[in-house]
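Consider the two complexes below, in which chain A is the common component and chain B and chain C are the respective partners.
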Partner chain A sequence: MPPKGKAAPKPKGTENIKPSTSSSNSTSSPAAQQPTTSTSPSGNTPTAPSTIGERSQQRFHESRPFDAARQKLGLSGLSQAEQTGWVSSQLAARSSTSTGSSRRTTPRLGPKAQRELWRHVNDASLPIRTLKNKKSAPTPADVWGTDRAGQKIAGYSIARYEERAAKRTALTALQVTSRAFREARERAKRGLVVTRDHREQPIVLVESAKDVQEEKQRRRQMAALRRELYGEMTGEFRQDPEWDGVEPIPQVEPEAALATISYPEEYAEAISYLRAVMLQKEYSPRCLRLTDHIISMNAAHYTVWLYRAANVFALQLPIPDEIDWLNGVALANLKNYQIWHHRHLLVDNYYPTLASGPPSTLSRFADSEREFLSAILAHDTKNYHVWSYRSYLVSKLGLFDAAEIAAMAALIGDDVRNNSAWSHRFFVVFSDPRQSTPGTAATDADPAVPREVVDREAQYAMDKIYLAPQNQSAWNYLRGVLVKGGRGMRSVEGFVSEFVRGLGEGEEREDVLSTHALDLLAEICKEKGERERADLCLRRLGEKWDRIRVGYWEWRRRCLDDGQ
Partner chain B sequence: MAGEDGFKKLPSELQLQLATTAHVKYIQSLDARKDDYDYWLTEHLRLNGLYWGLTSLHLLGHPQALPRAETIDFVLSCQHDSGGFGAAPGHDAHMLSTVSAVQILALVDAFDELETRGKKGGKAQVGKYIAALQNRQTGTFAGDEWGEEDTRFLYGAFNALSLLGLLDLVDVDKAVDHVVACANFDGGYGVSPGAESHAGQIMTCVATLAIAGRKDLIDADRLGRWLSERQIAGGGLNGRPEKREDVCYSWWVLSSLAMVGKTHWIDKDQLAGFILSCQDPEKGGISDRPGDMVDVWHTVFGLAGLSLLEFPGLQPVDEVYCLPKSTIERVLGK
Partner chain C sequence: MIPDLFTELPPVRDALVTETSKQQDKTADLCLSYLAGDSGEQLLEYNEHGVPRLRRDSHVRFLHKSLGPLPAGFMAADASRPWFLYWALSALVILGEDVSHYREAVAETARAMQNDSGGFGGGGRQLSHLATTYAIVLSIALVGDEDAYEVIDRKAMWRWLCSLKQTDGGFQLGLGGEEDIRGAYCAAVIITLLNIPLELTPESPAWKEDGSATLFTGLAGYVRRCQTFEGGISGQPDVEAHGAYAFCALGCLALLDHPRRIIPRYLNVPRLVSWMSSRQYAPEGGFSGRTNKLVDGCYSHWVGGCFPLIEACLSPVDEDKKGGTAAAAAASKLPPAPESLFSREGLIRYILCCCQDTSKRGGLRDKPGKLSDAYHSCYVLSGLSSAQHQWELAPSEETSPATGRADPVWRVMPYLEDNDENDVQIFDQKDRLRPIHPVYAIPIQSQEAIRDYFLVVDGLKKL
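The block that comes next holds the complex of A and B.
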């Protein structure tokens, strides 16, 4: 029952009820309490909290001034004043916060009792709300959780916490403005109607480049704050207002996949956006930029190249510009083959324009292509995909010309063993539609090839053989030329013999400068019917000069007898 | 050369042994390497990788080392309604991954599952997808609807269709003509008419002719000679003149030689020694050259090469299909 009348206010500090830190051996006994004095809940000056955890703890107990004592001593162990104080604060707390269902449990006091209650509460400065613990935060300090480094925020000093709170406020402010930006776009898209004066008007989105810049800036700041406060990473695309409205499609792996795939986050995010736009078949500048972004992370991604090509064609971008871009990527990814297939597609697409324009356009393009091919081949002289593209280019643009042959000569000049250059030269010379029979196999003679050309090419091969007698490419070339020209191998017998000295005349005198020469000599001898000498050549090859292929040389010897 | 240093590090007795257990463990570990950047960079090869790994295990005599049910589940999860398979779930269908899918299903004897649990149309649908990629003018095949053409796709198509028993869906004669047009002056074959001879392309062309029953169109002597020239000092094989040796050419070159019956034209012992020196005997796997990093591509082709050389401890491999002979006998009833 609340005491009547206004009691003299109790000086602070004298009555020793310390809620939070009441030690278990508190000596205050009920008898020691003064029944007539009201107890001040904040009976003593607590030490100033150094952390917010401590502050929470203090506040918690400040709002429950009699709880500690009650739990320790039981209600009957409290003094009269304490008991009434406790009851009053319970009643006050319930009645001031009662809503809905708790009304049933709240006692209903008559008006007089209520006046008494509130007077007591006022006099004794009782708290009318008590802080409760959440299940997730068993002690008051726990409610603060942990920061991004896993440290308990409860351990923060007040000042440090204020800083954090300021950041959170800043983040909220930014989020509000950002949301406004997004909603403006949404409204414009929905075409919501403004009926200010009851006239229907469509919403026009007024958004300047500056607005977008500001929004980008804002999102960057938001991302930075989120990372700092919560350790959350915001993807690049979420930060970019350009990509609002596209919902990325994440990779979905079947459960317990046998060969599951996991990606670094930035790459995964980009790919999920790629899936989304590919599904919608969107072709736009932002998609083009997206393909560039993905290619820079993984130039081997097969599908993204095809999608890029689709974008280039759909947007009707000037092909030379795309080729400029591609050149950079090619130089940075020498082993990649999709790049060259992409180039192939670009040229296919560009060709009608080239063919229908003045001849100078085509020749200029051919020159620039040749220039780039030289540049890239300088890095990797035998790259099969580059050479494959080169063959295609020659066929497509009809580049069976002196410039192409000169380019091959330059490469062979640099490295006489560059088989790719030799192979390409053969193609340029012997598939030239002006001086060959279309559809002839590479292995067949072709009377349409002028004699001077055959002479020239044979001489070229022979000149190069002198530089490197053991070079397969040049010998294969020579044979191929002779076949094309319909000439027997013996037309070069003199030349071949220069590389074989003292055959069969003993270890001291026998000197073979080229196993290919000895091989060809065996063939020539067989052609001429000189079986013994042919056999000698082949035997010496298997015995000494090319032992690793003895199986082959023995078979050739057997063929001599079969008359093959 | 860097490779030689790696070679010298191996104790000599290890050099000549096949590290079967290590290889099996290596292949089993491949799926778990999700923190390797290389793993996600090569996702467009995922299904192919599974074929390489599984074939390796079969050749090593450990076909059960990868779980059959999960293998089938994964393969089927890559299939599209068109019948084709992508390299990984969610990837667009492509010839190469489709071929790998068919080869894997052949290995684990799961064509029935393809009929019952695959996309509507079963085997016939897969055949339809592949056949649609043939360019009926030139006879060659594209990899997908984007049209890149390569003799690899031609070979892949023939490989898969013949395993499915559906080779008659395509114009075989036109394809054969195209292969013949790719024959070069030096005896080899290139990726397209006029392109440089390359051992990889040669294998695809020769195998295509083998499947079509037209090996008579090959100048076996000239081709054999060009192929025999691939062997360099040390025993390894390269893919073109004056290029470095690489274990994968143990397959491309050797299987081509086998198909024209000329494997005795190279030094087999030296080649076997070279392949074995490219193993990582502790961690398993085979690399392109001694001492380099291993990968599953070189592992399967190194093992297939050793099998063709009749190295003890390996199941016989079919030189046309790059699958165990037992699988081919079961599927084609040879």
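The block that comes next holds the complex of A and C.
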């Protein structure tokens, strides 16, 4: 091996290079480096570098004694001695580092030439290693990178840089202590403890709460330092000793991936831990807390919900506790769907317990569910997910009862146009297993429905139609009730006629208070075989009273001829 | 120049004020100003029919942008990224854009979302979900080509679908997840597009020892249980009828057998058509999703897209060619639809006047005052395309020997308003969009290409 170029170069001539004491390997312990003197690029006056970037630049040139002059003047502009010096420095640098590809491009010197070269190098004290300055690489001043604020570290004053170095030292110290904590914990897990003479002994060491607290504090400091020094965000989980031993799986997107999202760091970190614990099929209180944390950020993540349910069931948590937690989440995420499926799973799981207890257990639970549903529907009376869940709850717990019908009556009382409440009422009344035939289509008659139920519901709908005759919810309900009861539409002809006056008697006399009444009247006329009058109803709907649906009314007119 | 149907409130209105009527009145007033062109958003140029041009370039830009990268605010979409692919690609294709340059990116994205156990999740290492799988499969079909098709692990897909199949005929959307009619539609699309064998694995909850149960057993019956007393379709049995689910129901049925045969067999068509037609409001012109709810641009597809299926199912059967099947005879009791069962003009006015974001943002929206998004852009444009075209089913109802199902042949043609002199085309001819398949909601060429590719692979043997 050739000697290391520790000696300062002694350049010939008047190049703007001054001797230096340092080698090229200056980045390994910058804090230990002392500022060096140098000349300015053009003159002879040495100036102390004011920033570490300048200092790097100077050291770079010191490692390449003839480069600056050669670049300025060209090789031919150098004196004979300078040319020899430059060539030698090039060869020395190459032969000292020549491996792999450079060996192929640089012809090896014969033994004699080698001896000559190294003699010259030693005489001239040429540096044999140069700081790289590839075109694609950053300039020496740039290799320092930028700090968290995007400022170039190369522009730091030396004092400021030293302050930074001190922080790095502090971080290293914290890391060492923290590593010791983790190792101790690891050994404790295996039931081992290290004695003073560094031997592991099988003593169970119980980690004190104070130790954990100190470690948490330590990690917070480390996180703060990392953030300050490197802009590196250390997530909550990394800082939390509870999550030691879980190697997070970060999301790696293919380079070309579409619709990628710049996740907030807190979210990305939590998800990377979720992936890790899901892969391990871990079910534990900390996993439950993790799902809570993720749901608080993104309640639409269905995977985390299913995993939460698996945790709840694996840990056999009390279902009422989980429902209490869920209530809060539901109120914070009114539009969310997953919440309601989770609730569905919880009730499925809880049902055997409810059903095996005294009847009061089930009814108390039903009451609390209905109370919560009222509260949530007060925010959005037509929330589809809530209504879907309510339908499930009624089926599961058998709540085809007066209380459920009263709850619907209250909602319809508030807003007679609440179609969700009308739909639910229809289900509660006509799917009650005690008075309906299972499997009957909603649009088909059901002889199991008692006559008085049909009467009661038809009357209810008609009362509501008087309040707002153009409200289609009530009309659809009325029609549905009559179909269920197997009654012809003509059973309500008198009622329907109240909303249609002077039909076909000219613009002046014709008045329609409800297009839905006119629609039903057409059907009644058809039932009675009054084809012409049925056609008139439909024609007037298309011509005047409901023109946007003219295509449909025309089709209905055709239906009159086809025996439909 | 603008018919008074779209400039005035409807002739029948109630005096009683409730929360619902307040919202409805507010929306109707707002839409009136947009339909009349005096909303204050004056950037639109109106033609002689009072209809603005489609802001194609601005929508195209919006859609490319929604393919990402997306800012942190989209965190809530973390579990639905496949949808962003489908919405944007589908909307771009409907606008006539070439999306084949996204092929590799779609394949890469999909690969990272596929689970070894079958299906695609909403993102990497998320559980597989039928809705996101549907979105990925259609995105792959949209960009086309074998390289993209081959990303799909059909064998794992088949096993996964079997595990989702329930004894009541329906599909869970994910293992342990909810069961609803979206599952029925998404599964039917995936199965028929990828030529997935119908046999069940013994691990399937719906498996029967005698081998009689398949992926399609009881599926139409499940759909039927979702029809409500109103005539519309609910997400699950015993819930309120909802526009999005009407499309899922009809789409699912139309894949199980010939629409003309299966739709009247499983659904009460007169009640369904009554309910569908009731979804269109004047003066707004757009569709609502439920009785007494407001119009919303996305129902241009969910409800508007039901009309081609229903119209085709009502279309007259050529006596010579129909082959005298009993089911066709049953269906033919219903008269054919007139030129159109809904007001195409109303829907087109609503879309072009009310659903376009006229700011630099671009994209399409629910209604004035709402922000545009990829979801609404896709379904509003899909609705516009369907309002501009007419679909017909070829008369053959024969069962295809390759699939064991009737494979209906759809024919599309531009809908031309030339029935009488009162009918004029209100939109600029340059704004006519590309037609899409009425069931798969992608161009028919894309659908045929992926189907044919997988049809060559014969069922289980070469899975």
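Assume the second predicted complex is superposed on the first by the 363 of 564 C-alpha atoms of A that agree within 3 Å, B and C clash if a C-alpha of one lies under 4 Å from a C-alpha of the other, contacts with A are read in each partner's own complex, and residues count from 1 in each chain.
Keep in mind that, in the parts below, a contact is a pair of C-beta atoms (placed from the backbone, for glycine too) under 8 Å apart; a residue touches a chain by one contact, two chains touch by 3 or more.
On a predicted model such as this, the values are computed, not experimentally measured, just so you know.
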item	value
A:A441 touches, of chain B and chain C: first, second, both or neither?	both
First (chain B), second (chain C), both or neither touched by A:W545	second
Partner chain(s) touched by A:E507 [first = chain B, second = chain C, both, neither]	neither
First (chain B), second (chain C), both or neither touched by A:S388	both
Contacts of A:E247 with chain B and chain C, given as first, second, both or neither	neither
Touched partner set for A:P469, first chain B, second chain C, both or neither	second
Touched partner set for A:R558, first chain B, second chain C, both or neither	second
Contact breadth on chain A, by residue count: chain C or chain B	C
Contact residues of chain A, present in both the chain B and the chain C interface	251-254, 256-264, 267, 275, 298, 300-303, 306, 309, 341, 344-345, 382, 384, 387-388, 391-392, 395, 417-420, 423-424, 426-427, 430-431, 441-443, 471-473, 476-477, 479-480, 483-484, 547-552, 555
List of chain B residues in touch with chain A within their complex	30-31, 34-35, 37, 39-44, 46-47, 49-50, 66-67, 70-71, 73-74, 77, 87-92, 94, 146, 148, 180-181, 183-187, 190-192, 194-198, 219, 222, 224-226, 228-229, 231, 233, 235, 240-243, 262, 264-267, 270
In the complex with chain B, residue positions of chain A that touch it	251-254, 256-264, 267, 275, 298, 300-303, 306, 309, 341, 344-345, 382, 384, 387-388, 391-392, 395, 417-420, 423-424, 426-427, 430-431, 441-443, 471-473, 476-477, 479-480, 483-484, 547-552, 555
Chain C - residues contacting chain A, complex	5, 10-16, 18-21, 66-72, 74-81, 84-85, 88, 102, 104-106, 108-109, 111-112, 121-127, 129, 174-178, 224-225, 227-231, 234-236, 238-242, 268, 270-271, 273-274, 277-278, 280-282, 285, 290-293, 314, 333-343, 346
Partner chain C, residues of chain A touching it in the complex	249, 251-264, 267, 271, 275, 278, 297-303, 306, 309-310, 341, 344-345, 381-382, 384, 387-388, 391-392, 395, 414-420, 423-424, 426-427, 430-431, 441-443, 467-473, 476-477, 479-480, 483-484, 512-515, 519, 544-552, 554-555, 558-559, 561-564
